[in-house]
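Residue numbering begins at 1 within each chain, and the chains themselves are lettered A, B, C and D in the order written.
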């Protein structure tokens, strides 16, 4: 790939947002994801190429490091920040439909449950993986999921629950969703869950690990 | 009640089988359940009265002591032995139908499971409580229960299981039984079980404690 | 308001399990910190919904769990016990429900005491509903009223000890933690959380006094245990989680400045620091909370504990019986061992073995090492104000880690070492004044918190 | 055949955890009894049937349990571990199934060793099918062939240590136990069980030698642990269960006379006596087997253990993760503490505290008290033949209990005291000659056992 795209993907991987951003120290003063993406578009590089041959590659690199235990969440988060700066420039092309994201993904923590750290990590990984994530936050009731699904009819749904006393909300919600749109894929996660539980409530899968999850999505896509 | 019946019930409670039996030491040489029952019948006391006003009372006394932690299984077993010696004399009257026992109870440990200590205790308590217990032993397959039920159509059924990998046999067996005779009551027990499990497999009750169980049977009878 | 300017326990050799300078007497004749370690058993519902319809089931579960636990306690003649009833969201949402279960449990404990004379007490941990709104209002609004009502009703219903895992400042700390922003973590704990704790615990103590029961203590669970969990899953550096532990002590100390007298919450691993400063008894959890979460502090957590807890276990069936009964047995045997050590005058040796057994394996465990605990505690009492105290304890903790690494008491991975450098820089960059630090929070996290919520 | 006429460990102070005169080297570089206590983790299936149809599920469960356990072991850097695969009936019924799971586990252990260098070994406990028939034939018939085939196939499939909880003599012991007939218990253990053990273990050792693996040891679980369970439920006197414990030692020793070298089975609480006599390492279970059964031996069981086990736990979900992983963590922390004591030269003190903590609460615990253990062991090696040894060990145990009661080391209820008198009479009434004792069994229990089954 071009030097420019190469450079850009490094900015993503290292989390260099823009010229001003002090982090990472060794890139101080240099151009960041923001400027480089703009530059790439000006040079007429296809948005598609920028996304797939640069941004995504940068994100995948942190993701892999994370999996190997060579990086932590903060590293992924600042990478995601740089990614967002770059995406701002590509947004118009998505809206025009010229470039396509992996798809829509609706995520939230179920009713009565405020645990969202896990859910947030999943959101981050999905965004980094090129998904358009709609995060409904915590304490999300069944009808809220269904409602949102009307706006994003092709979206997958992901639910998180950490309490034994909110897990059953997942059953209610899954039923409600499958009723209005039987083909929507519903995924569940959270420490107290299990594949068994996922099967029992009629969900389409349980994943303890977001990275394995995103690989699964790629596979079934 | 008459001195004789009084004496007899003491023989049961203390486990004095017959004149020869050396146990309990302080009753050495005295008449036991065997002789006294015969004597009672000769004196023309109604078998019904002997059973209910003497034998059962003796058994209940040990049972109560056992519950209060003032007696152990061995005490109940020797009482049961004395009881059997007495029952031998009453047998003809049961057969003729002149005297009625509480009812028939089929018990066994489910297929694949050889744990029978718990089951044996339940049998003992039921026998002592005036039930006609048919013990199918251990490793009892579903059809064996069903088969036996043909001979004792009004019997209750009790199953025991101690292994997580044989518990599910109870479901199969309960289904098989309820199929041929929906009104038969099926009870389950064994350390790894729970009321929850009993409900799930469609049994009529789980009892960790045989004495509570027999009270329950009396109540529903 | 109490003000701690020196340590109650300044000699690390006097910081041992089962003994606290100011024991707490509560419930049915139980005195905590009087020379014995008592089990604190904690339990929760299996997978189920809590609704009007299922509430009968809920009652049945708590009844069964209590009978099993008390049966086992009697069987093993435990010298005394604390039962913790940690509320689940709907139980504070509808405070009457929480109160009903409180009464159910208390009644059983009283009956148990009459029958066995075994001392016991009931801790009720109300759920902090106040982070339902984003950003949370904390000092006003329905969630706040319900949370406080929860305390009032449970106190009436028979609670002996009041506790909560309060969430003030967490909305900011969650963010800072995820970005590994130590400055943000320190400032959110030292300024925001500290202010909210003072506000909240002043009222909890009032309620406790009104009903003549115990104002127990709080836990930075949502802060430092979240960090510990994430570090345990390889998502955050352990060194960051370790420093966050030290950073949480001044925040939890605020409850005691407002009249709390312990026992502090089981999941508050900042407990030993609190004990050194205040001399009040603490509850801790470690290996025998393996049912609730994995931990790098399995043994060392017991080193200075006055209560020994399993944190939480669902009412599920195991081969032996139900899980709460099984863990009651486990805690009882652990306490038997610690109490034998105490009786034989070997408590200090037992403590040191518990400590030594974990230190080489975890930098987070180092934060519970008695000498380190005393150092951190000293740096807290030497300073004034939540922010300065928090900053100081983090600096002390950092130095302790550096020394331990130099002396090869423990070792860490290379990325962790890289993080040590980052964190050093972050500490050096922290403002001296609380005002400046607050400005930092406003610029970095202004969108997620409301200054008014903290009376700012 | 080995013949033990004196103790390998005669000084009770040398009978301590982690150290055995004859360590056992096995599996991937693991040496048991070399100065460390290692966890022995044991796990089983949740509620499910084992059939051809469900066997895929079965495989998945064992795969998951192993990954979780090894993940946790690595995370806590455990110094070494033993995994026990205790077969369930269908796995020996169809020995190929047992062998397949054995291979599955062994493969994971080998891979784990390559990655982490953490020493480990696999114990396979074959199910004794031989009591399917009533009365059991033991030496012939399909169940016997299958049981032996189970050993052969598992040895091929990668087992490092062979064990079984054999049932010879149990058909009589079960009856005697229920009637509280101590004479019958002693005779069934000393004559029948002892003969069957010799017959069976001679062959197990042969198989072990053929595949160059370890002939581990047996357990009187079906005898004395049944008694302990029943005593725990108030169904039998504890004093009877205590004497039954002592009575089981010569029976389990027979395996070692036939070439077993340990580690003995975790549920064999007669282990300490075996260790004193043979000097081979033992596995024990106590408080951290609370998932498997309640126990009066929670701490004292660890006093002389070389492996520390959880006995068994189903693969069910807890709040922290799956139960087998949670109990792996628990065992690891227990072992860390014991190993710290060993490293610091405090093992004896730790042992004594573990002992002291339980003795006052249980007469059954007294049977594991090191001095008592040595006395019982002495009375065994001083006598010849299963029956005489068993009778002698019961006499010694009885005296030990009497002394403990006199010295108020422990106390028992009044009915238990009444039973002490009954048992004294029973002991005095026991015949001197094995022949007479056998006649007693024939007259009392002739209907439930076949002399031929014991080569009589």
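Here is the rule we use: a residue touches a chain if its C-beta (ideal position, glycine included) is under 8 Å from a C-beta of that chain, and two chains touch if they have at least 3 such contacts.
Because the structure is a prediction, the values reported are computed rather than measured.
*Asks:* Based on CA centres, what chain would you say lies at the far end from chain C?
*Replies:* B
*Asks:* Nearest whole angstrom, what separates the Cα centre of chain B from the Cα centre of chain D?
*Replies:* Those two chain centres are 34 Å apart.
*Asks:* Provide the C-alpha centroid distance between chain A and chain B, rounded to the nearest whole angstrom.
*Replies:* Measuring from centre to centre gives 65 Å for this pair.
*Asks:* How many angstrom lie between the centres of chain B and chain C, each centre taken as the mean Cα position?
*Replies:* Taking the average C-alpha coordinate of chain B and of chain C, the gap between them is 53 Å.
*Asks:* Going by the contact rule already set, what residues in chain A reach two or more other chains?
*Replies:* Those would be 164, 192, 197.
*Asks:* What residues in chain D touch two or more of the other chains?
*Replies:* Within chain D, residues 44, 314, 319-321 contact more than one other chain.
*Asks:* How is the touch graph of the chains shaped: line, ring, star, complete or other?
*Replies:* Per interface graph, the chains form some other shape.
*Asks:* Quick one: which chain pairs are touching?
*Replies:* A-C, A-D, B-C, B-D, C-D
*Asks:* Give the list of chain C residues in touch with chain A in this complex.
*Replies:* 44-50, 88-90, 131-132, 134, 174, 178-181, 226, 230, 234-237, 314, 415, 419
*Asks:* Name, in rising order, each residue of chain C that touches chain B in their complex.
*Replies:* Where chain C meets chain B, its residues are 317, 319-321.
*Asks:* With touch defined as at the start, can you tell me which chain B residues reach chain D in the complex?
*Replies:* Against chain D, the touching part of chain B is residues 69-74, 77-78, 112-114, 117, 120-121, 137, 139, 163-169, 192, 197.
*Asks:* Within the complex, which stretch of chain C touches chain D?
*Replies:* Its residues touching chain D are 44, 72, 75-77, 232, 286-295, 298-299, 312-314, 316, 318-321, 323, 325-327, 329-330, 332-334, 336-337, 339-341, 344, 346, 349-350, 353-354, 356-358, 361.
*Asks:* Can you list the residues on chain A that touch chain D in the complex?
*Replies:* For chain A paired with chain D, touching residues are 164, 191-192, 194, 197.
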